[in-house]
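Quick heads-up: structures coming right below.
Shared chain: chain A. Partners: chain B in the first complex, chain C in the second.
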Partner chain A sequence: MIKNLHEKLINKEITSEDLIKEAILKAENSQKELNAFVTIINDPEKQESDSLLSGIPVAIKDNLSTKGILSTGSSNTLKDYIPYFDATAIKKLKASGAVIIGKTALDELGMGGTGLIAATGPVKNPWNQNKITGGSSSGSAAAVAAGIVPYAIGSDTGDSIRIPAAHCGVVGYKPTYGMVSRFGLFAFASSLDTVGVLTTSVEDAAIVIDQIKGQDEYDMTSWNSKDINLLESLNGKVKDKKLFYIKEICDINNYQDQTNELVKTIEEFHQTLKKCQELGIEVDEVSFDQKLLDSIYPTYLTIASAEATSNMSNLTGIIFGPRGKGNTIDEMMKDHRTKGFSSLIKRRFVIGSYVLQKENQERYLFASAKVRHLIVNKMNELFTKYDGLILPASCEPAPNVNGIKSIHLRTEQYLAIGNFGGYPSITIPSGFVSDMPIGINITGKIKDDANILNIAYALEQKLGYKNQIAKGEK
Partner chain B sequence: MNHKFTNEEVTKLADKLLIGISEEEAKDIVEELTFVADSMNVISEIKEIENLEPLTYPFNLYETSLREDDDYEEGHNIEDLLSNADCIQGREIEVPKVVG
Partner chain C sequence: MALKVVIGLEMHCELKTKTKVFSKSLNSYNDIPNSCITAIDLAFPGTLPVVNKEAVKKALKMAICLNCEIPEVLIFDRKNYYYPDVPKNYQITQNTKPVGINGKIDVEVNDQLVPITIHDIHLEEDTASLDHYFDYSLIDYNRAGVPLLEIVTDPCIYSPEAAVAFLEHLRNIYKYTDCSEADTKKGQIRCDVNVSLKEEEAKELGTKVEVKNVNSFSNVYAAIIYEIKRQTELIESGKKDEIIQETRRWDEESGTTIRMREKVESIDYKYYVDPNIPKIKIESKWLEEIKAEIPLLPLERKAKYIEDYNLSSYDAGVLVKNKEVSDYFEECLRLGINPKEASNWITSQIMGYINKHDIEINEIFLTPKRLLGILNYLNKGTISSKQAKELFFMILEKQEEPDILIKKHGIEQLNNDDELINIIQNILDNNQSQIDEYKAGKTKVFDYFIGQIMKETKGKANPVKAKEILLSKLK
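Now for the complex of A and B:
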């Protein structure tokens, strides 16, 4: 879609002004139904460039710092926060001529996987407003799925790009950890956080990350990726590539509660595997220790909560954010934090604090970090034999908004494997179950993004959901 | 046998974080912490982790180098830094008296 828009701009069939105006109008008109935006920018900044992104509108997840533009992280603790600098990814986008038309809502500060926990209210799924979008990049996924913008920037700490992509029927790509600088991204769990993109095609995902990747002196975990050109690597040649799937996740007999939607999602997944084989890709089944699979969610919860508790201790309302009431600094900070955080965030912080207590570290935090190590070792070993892991992005289409239990918002979180090892991981739409989109996910070894995207590119052509936009129901 | 979490305990933990929680929120936290504690029982049965070090970053391939001494950036502009604070006095952030 981006290449096509670029060509039309070059040939003067359309103007950038018209594209931007249309995107802003669509965003405004969609707000009542989808509530995807925290801020819509009516007079966006424009820089000329010869890049493919020049003159094309984009939406940005509201946990990325945008100079002079409200950046709330969808939290009341930052409801008036206006950064005085751009995140590195934003700086690069602007230099590429990309035009930021809005900031999208997220599950508060990137935590949560439903799209229901933003300070501005729930984000609705463009395919069916009674369904969740998934999160935390909920507004970015909805904005792309609704055709408001051709692409939107997101972030992914556990599966926050890849699940909303699946639930909204779009492409969601989390690059290798450190490929895109995290400078200016509101830190949630620094050892897992990754900046990525939501698009309607693999090609567009490659184009965008090519523009925003690169080593950054402000992020010591970023690395030099000059030798990687994702767009040029897309040739669709995948004969003799090798993928594996995890038996325990993809075998319906392994599930006690076999809902119709689960059965159909697993069936569809096996149909997708056949299509991989038709492309000449070898697909193997690999068995994982069930205990290890069951450990992914609690391990993720423990590590992410501990890192979040530490990272977000700066949210005090003293040096930024609304000042709390009280006679002492402690009272002011407590008032600010008590009123500003949602219940989910408070829960995460208390869990994080508990596992960080000296007497609990061994049993909780270190045990989880060892499980992380074991999973990464196993994956790295498998990646010596295989190009990637293929899985259903989610074992069901987007659930109903009122079907979400308040406590364990998501327990099925095996895509966090991608964050444990910093692996490149991409979700692409693969079909429909109960009239809602579903997706498949491919995860590969670190810095092998070009290979993973190329496999997804070939499969996307075979599946036929490229450039898909939601046909919504109210 | 697992430690049994109580509302009082998690309320105290939240208080240390300068976060106030309701009875309902305390109940939810007890429930989730109990889930985490139960999960750690399962994890402790995974023998292969015994000889592994905790992994705190995805991979260790960082390329860092020391900068030259004269290669530095100007600091941040103080007005920029203060622009998001609610209570300032001149070039300082105003807070209640904390000492003496």
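Now for the complex of A and C:
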């Protein structure tokens, strides 16, 4: 879609002004129904460039620092925070001529997987407003799925790009850890956080990450990816590539609670595998230790909560954010944090503090680190034989907003494997179940982004959901 | 019951670097408050630490000087606690793999070498400075993020003298290696002092009392003396139980330590590895390069001065006690000044002058080159040693070159034989009775004549020549 817009701009069939105006209008009109934006920017900054992104509108997840633009992380602790500097990814986008037309809502500070706990209220799924978007890159996924912007920047700590992409029927790409600088991304769990993108095609995902990736002197965990050109790597040649899927996740008999939607999602998944084979991709079933699989969520929760607890200690309302009330600095901080954070975050902080306590570190934090290590070792071993892991991005389409049993509980989180190992991982739409989009996910070895994207690119052509946006009930 | 004091020290010293340890803000002292800060120092959302290689290098240099074991990789950890002097509400420090562990260094205490073992050395960020007023406090974040090296000794120091000698020695090493200005006046050094008493023969250490944030060596000394007295009195009056593990602070005004908080259980700082900083591999090649940069340290220089230049242990000790003085001395040698002569001038005249005026040796106008100027005149016999001293003060006070001063003030020794003979003859002619006394065996009278000669020549007579002539005349 981006290439197409770019060509039209070059050929003067359309103007950037019109594109931007249209995006802003659509964003404003969508707000009542979708509530995807925290901020819509009416007079966006424009910088010409000869890149493919020049003059094309983009929406940014509100946990990325944007100079002079409200950046709340969808948290009341930052409800008035206007940064004076751009995140590195934003700087690069601006230099590419991208035009930021809005900041999108997220589950507060990236925590939560539903899109229901943004400070500005729940984000709705453009395909069906009774359904959740998934999260935490909820607003970004909704904005792309609703056709407001051709792409939106997101971030992914457990599956925060790849789940909403699946639920909203768009492409969600989490590059290898450190490929895009984290400088200016509000930290959730530093060892897992990744800046990525939501688009309507694999090609667009490649175009965007090509522009924002690169080693950054302000992020020690970023790395030099000069030799990687994602867009140029998309040739669709996937014959003899090898994928594996995890038996325990993809075998319906392994589930006790076999809902209709689960059954259909798994069926669809196996249909997708057939299409892979038709493309000449070899697909194997691999059995994974069930204990390890069961450990993914607690491991993720332990590590993410511990890091979040410490990372978010800077949110006190003293230097930035609304000042709390109180006679002492402790009272002021307490007031700020008590009022500012939602209950889900507080729960994570309690868990985080608990596992960080000296007497509990061995039992929880170190144990989690060990499990993470075991899973990553197993994956790395498999990646010596296979190009990637293919899985259903989610075992069900987006649930009903009212059907969420508890926003605190999400035990199905195997996509966090991608964050444990820092692997490149991409979700693409693969069909429909109960009239809602579903997606498949491909995860590959570290720095092998080009290969993974190319496989997704070939499969995308075969599946036929490229450039899909929600028709939705209007 | 003989009591023995056991002391452990934690010495914090700010490192000399261009920028802070995790940001590009300037590491500079005494600027306008909150002028040396970036978003990183204030922990704005999304900011990340980037380790300053220069700070790591200097930390490693100190670890090498203190003969520490240096790990293959460095790890930085977070120390989590809420306090406004750390905007992140965690301090980045080193707990898992610090720059050095198990070090050892000998320190001279009363002419004896005392070994002091180092538990660990770790690099961390300094905190903001807080000024508390009656109903408000002010924060200056300039200091937040300044590289701070903490050197922790084992409880292996047994006297306040040894504690101070150790600290002075370390300050010297900081200066010799250019790792820090190590200026206590600028608050660059702060110490935590752990003091406990035990019975001489006891194997177990006594209850440890920590005195925090002592900011000068004389206060370290005074705090230890005070704690020894306080704890001894408690023990001797049967109140040993009242010595509890606690944190106290040194109150300079009253000359006492005051309880800050009881350490019932030590605070849990929830240390864990900072995920934003990848492990830093220490290449052995890099270590070799750092090692090669380390100059001769005080005790090594001292040994060299004694061995190579035949200086007394005392003089050599005085010279190396201050790096600038030692550098001054070495510059003198480079200019060809005789080591003994240079040492004599520095340890007596120059040190006397700078101590009297409370200035540093490199602040005085009399550079080694100008000292050489004085010595050239002296050694050629153009001026007397008395005149040399006069010239020395003149240079310092008038801030003019030796050549110019000598010309201006006619400072010159009377070397002309004929002139001297005339003067001496004149004196002798007028002092017949003294000549008689001298010849009768009262040799003391000789000095009387010399005095007269000097008086007559206003001290310009070449004393050696004057003596020779006088002797020959009195025969």
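One rule holds in what follows: the second predicted complex is superposed on the first by the 470 of 474 C-alpha atoms of A that agree within 3 Å, B and C clash if a C-alpha of one lies under 4 Å from a C-alpha of the other, contacts with A are read in each partner's own complex, and residues count from 1 in each chain.
Note that a contact is a pair of C-beta atoms (placed from the backbone, for glycine too) under 8 Å apart; a residue touches a chain by one contact, two chains touch by 3 or more.
Owing to the predicted nature of the structure, the values given are computational and were not obtained by experimental measurement.
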With both complexes overlaid on chain A, does A:221 touch chain B (first), chain C (second), both or neither?
both
Applying the touch criterion given at the start, work out whether A:71 contacts chain B, chain C, both or neither, answering first, second, both or neither.
second
Chain C versus chain B, contacts on chain A by residue
B
Considering only touches as defined above, state whether A:306 meets chain B (first), chain C (second), both or neither.
second
Could you look at A:191 and tell me whether it touches chain B, chain C, both or neither (first, second, both, neither)?
both
For A:402, decide between first (touching chain B), second (touching chain C), both and neither.
neither
On the A-aligned overlay, A:287 touches which partner chain: chain B = first, chain C = second, or both, or neither?
neither
Considering only touches as defined above, state whether A:319 meets chain B (first), chain C (second), both or neither.
both
Looking at the overlay, what does A:384 touch: chain B (first), chain C (second), both, or neither?
neither
I'd like to know which partner A:330 touches here: chain B for first, chain C for second, both or neither.
both
Which residues of chain A are in contact with chain B in one complex and with chain C in the other?
81, 84-85, 191, 220-221, 309, 313, 316, 318-320, 329-330, 333, 353, 365
Sites on chain B touched by chain A in the complex
10, 13-21, 24-25, 28-29, 31-33, 35-36, 39-40, 42-46, 48-49, 52-59, 61-64, 77, 80-81, 83-87, 93, 95-96, 98
In the complex formed with chain A, which residues of chain C make contact?
39, 42-51, 78, 80, 82, 84, 87-90, 268, 270-272, 274-278
Touching residues (chain side chain A, partner chain B) in the complex
80-82, 84-85, 177-178, 191-192, 215, 220-221, 223-224, 289, 291-292, 294-295, 297-299, 301-302, 309, 313, 316-323, 327-330, 332-334, 337-338, 341, 343, 346-347, 349-351, 353-355, 363-374, 376-377, 406-408, 419-423, 446
Taking the complex as given, what residues does chain A use to touch chain C?
63-65, 71, 73, 78, 81, 83-85, 87, 182-187, 189-191, 217-221, 306-307, 309-310, 313-316, 318-320, 329-330, 333, 353, 356-358, 361, 365
